[in-house]
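Please go over the structures that come below.
Two complexes are shown next, each including chain A; its partner changes from chain B in the first to chain C in the second.
After this line comes the complex of A and B, so read on.
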């Protein structure tokens, strides 16, 4: 049974990690938290559902299409909405919460009940060390690894990535040396939307999808990001996987009633004891 | 002088606002988000259909019914707030309520406010007791349904190794207790008992233990979306046991979400259109009215809401206007024929409508009558 719990924990943890990445990406560039990440993830799942139902795309093209579509939508939403909210952190936070509510209710009009997601990853069951799990789990973990590697390559080796890092580190200086700050910020949002939407497609086939599935996952992903360090990508990934594992262990060995508690206790402890998270760093302010 | 004018104006406004609401206000409370959504939709549709028919025919005693629907998000705490909203809105009667935990919480509000409450979607036995003077329940309780399914499991279904998966809320726990007690009377003990949360999505740890116990039948005391997820995951793990359950499974969305895994499930339900011709006619009308939208028709849930409003509540409102005590007494004394219920239906002294449970089986894409052969 332990193997079963660990496998489930890693898979759930990867989902928290990917959605948490959305928080991290935006925070790194803007020093602000976009609380609509959970709902963007949910909207991404429904986007994937609609595309999969209408165009019958297999797994890989579906993920690419949804990711690209979400990226573009992220650019548009940034231009129309978020750009007006940067001037004030509180306004940004409340505005993002509002966006989340709008997304939830917009989806609810079309999908008032839980619906099944097509099994784009197949229906095979894999056995591994005594654990049985759907083949989707392998995709979840595999894609998390690919995504992290991809982002690493993006940030470390490409010009766009370096630009994004520069904007994250010091917006004024980045602008001064010629980085198109507006475009970089837009691209960061686009990326955070794409990442959340891809997580949505990954989790879709595992469980039923409903308009309120983003709320809890968004909050837990936020905890994962804070726990791992909201300005650190490896930290967020680690935070997500750890929370996923601890949650499943608590559910299996203590009681399934307390599963949800784990993520929030961790969030509280992190904020109390080590607010920068495990791998986060204090941004030094030069005086 | 100005102040006098202002207060007169205010009084006039207040007076004008009063008689304008001469309609009868009927409140409906159900989960339209959260885990109860699939059921709340049916309840709302049943209410809308009944109220439309009544209003088109002239209303109750010449007054139109004003339908007020509130969403309690399938959450007991929010359900209390939702019920308080209905009370402060001035509803004359509430017909609805889904989820034993929610109803046990929100009925305190209506009891205190002295508003008749006809419950259509909660089965915990503790809801209808002698001290709940304003509450009535039209669907059968777990103390009858769980016992019925236990007897069917051992008798016609010939199950010997039964496992139990129950939701940890009042509905699931109530069912489990009655079911296990009934099994004991029949000389059986469950081979494994596992519990889960209504909003859980992953049941691997519970199913791993159940699989190890090698059952030939699994009783699932839960609701959508957990129940179909449990069925799908159980089949994925190679568990071939037949599923049984009670009212929580009685929702067409179960079959949509677990089309293969739910086949052969036997459950006690609230409504089977095959019972009599009136039921079938109603079901066809209902499906026609509500097909084609984003919200698919849910006859099983809608049937009780419709019957409660049209045949029990509306006649009492017509006779007694909005005198709550008189309406309550009228409901308590109800005796009549409701479609899909054989014989005459009446409430017992705790406010519970007496009736025989109906057994159905999932065959194909619908619930069909279960023949205990």
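After this line comes the complex of A and C, so read on.
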């Protein structure tokens, strides 16, 4: 029982972590929260579904193709929409919520009912410490680790990554020393779209996919990002996994109906007690 | 606004049910009900510079308290009014007062947490709230033996509440507390140096905002006669915030106009189903992309444009 709960918790936590990364990436560069992130994740899942249905790709190429396509869409959406919302955080909050509503209802027109996602990770059952679970869980956890390593390599060893980090640290100085700030911000959004879509392909085979799947997962992933530290990538990963675990433990041992409360109580307590989160470093404005 | 304008406006509002078809009266009733939480939001957002996404949940608490008292315990709506407002104020202050220390985006995040906590409890505390079944057959309001069970009759009740709340809000804004709040909104640090009890003023603003939202919820429950947790998701919170934002927080009349415009606009889009929600999302998105300072900033533009046009006409 416990092993089952822990494995499920880590897998769910990985999804929160990856979706949460979308919030973190944008927040680090912009000091803004993109509240459409959950819906972008949902739309990314459907992008994966359409690509998987049309081209019958195996898992790894599928993830690469979906990630690349989402990156390009992110660049375009940044140029057309987000760029006009940078005035202040209120404008960005309401504007991104509006975008989320548009995405949800646009997808709803094409997919009004929940649909199954192709089983790209196979249908095998794995046993581990007395727990039985689908092979997809192994993929979710394994690919999350790979994705985090990939992001680390990108940020630590590439020119693009150094540009992104420079913009995140100090936008003005980054511009002064020759980083193309606009391009870096666009790439940040591209990256946040790509990770959201990859999370979609990972979670797709576990459940049915539907137009409203992004709402709850998005808000919980957001809680995970704040809990771990919304400007810290390792913090977000940690926050995601901890919330996934706690939520599954609460669901297993306390009450399944209040499972959803865990993430939001943690979010509120984090903001009241330690607003920069477990590993975050920035001091929020306090009066 | 001069006295004649006010008299004309009130007479026009009183005449709506006489002149307009029921459907319009129905929408006008919603506008009157929504005016309350939107004005409430003005207290928090306009005067403490904190934008809240929890107003829909507080509105929901007002609705649930009266809904449960009148159906499960047989209270009359009139006696359930005070507990319903008090419930909203208690929950909002208990959860929100500590969060008033946070500013900017961090406050928005905290209100989302508060919203989701309240919503999850409404949905899952089945013994008390009936959870996903909702609360059915809530009685309508009544005066003496006259039940206000038609949109026309209910409209007058809602209008009375809306106008009273508007007058009260004006009184509060121009009182000493209002002065403190205005000082606070300009510069918290400077206000505290001038002896404004900042934290207390902020918590009072929050409590007032909750009282207005709770009253709105009370009216909503007795008008709809049926409430369900899905009515109090983040969606109404976003709607109220947009109405307050488009109206420009500090202008009470601006907020009332924005409420009327947005509510009727989205109501007319209802036959379009999913497309209605897409249009609503686009209104939010384009509104923010092109009019980041509120739709009403258009008004001076129109005036300036007219003036230019007239002067150009005069020259030629």
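Here, the second predicted complex is superposed on the first by the 282 of 287 C-alpha atoms of A that agree within 3 Å, B and C clash if a C-alpha of one lies under 4 Å from a C-alpha of the other, contacts with A are read in each partner's own complex, and residues count from 1 in each chain.
One rule holds in what follows: contacts are C-beta pairs under 8 Å (C-beta built on N, C-alpha and C of every residue); 3 or more make two chains touch, one makes a residue touch a chain.
Not measured: the values here are computed from a predicted model.
J.: Given the superposition on chain A, are chain B and chain C in a clash or a fit?
T.: clash
J.: Applying the touch criterion given at the start, work out whether A:108 contacts chain B, chain C, both or neither, answering first, second, both or neither.
T.: Both chain B and chain C are touched by A:108.
J.: Considering only the touch criterion stated at the top, classify A:207 as touching first (chain B), second (chain C), both, or neither.
T.: first
J.: Is A:99 touching anything from chain B or chain C once the two structures are fitted on A? First, second, both or neither.
T.: second
J.: In the three-chain superposition, say which chain, chain B or chain C, touches more residues of chain A.
T.: Touching more of chain A: C.
J.: Give one of first, second, both or neither to describe whether A:84 is in contact with chain B, with chain C, with both, or with none.
T.: Only chain C; A:84 stays clear of chain B.
J.: By the touch definition at the top of the document, which applies to A:257: first (chain B), second (chain C), both, or neither?
T.: In the superposition, A:257 touches chain B and chain C alike.
J.: With both structures aligned on chain A, tell me which stretch of chain C collides with chain B: 8-16, 224-232, 278-286 or 296-304.
T.: The stretch that clashes with chain B is 224-232.
J.: Name the residues of chain A shared by its contacts with chain B and its contacts with chain C.
T.: On chain A, the residues that contact chain B in one structure and chain C in the other are 108-109, 257.
J.: What part of chain B is in contact with chain A in the complex they form?
T.: It comes out as residues 32-34, 37-38, 41, 168, 195-197, 199-202, 204-206, 208-209, 224-225, 228-229, 236-238, 253, 256-257, 294-296.
J.: Contact residues on chain A for chain B in the complex?
T.: Residues of chain A touching chain B: 1, 4-5, 8, 12, 108-116, 123, 125, 131-134, 206-208, 210-212, 216, 248, 251-252, 256-257, 259.
J.: Could you please specify the touching residues of chain A with respect to chain C in the complex?
T.: Touch list, chain A to chain C: 31-33, 81, 84-85, 87-95, 97-106, 108-109, 219, 222-223, 226, 257-258, 260-261, 263-265, 267-268, 271-272, 275, 284-287.
J.: Across the complex, what residues on chain C touch chain A?
T.: Interface residues on chain C, with respect to chain A: 51, 95, 98-99, 101-106, 108-110, 112-114, 116-117, 120-121, 124, 126, 188-189, 198, 238, 241-242, 245, 274-275, 277-278, 280-290, 292.
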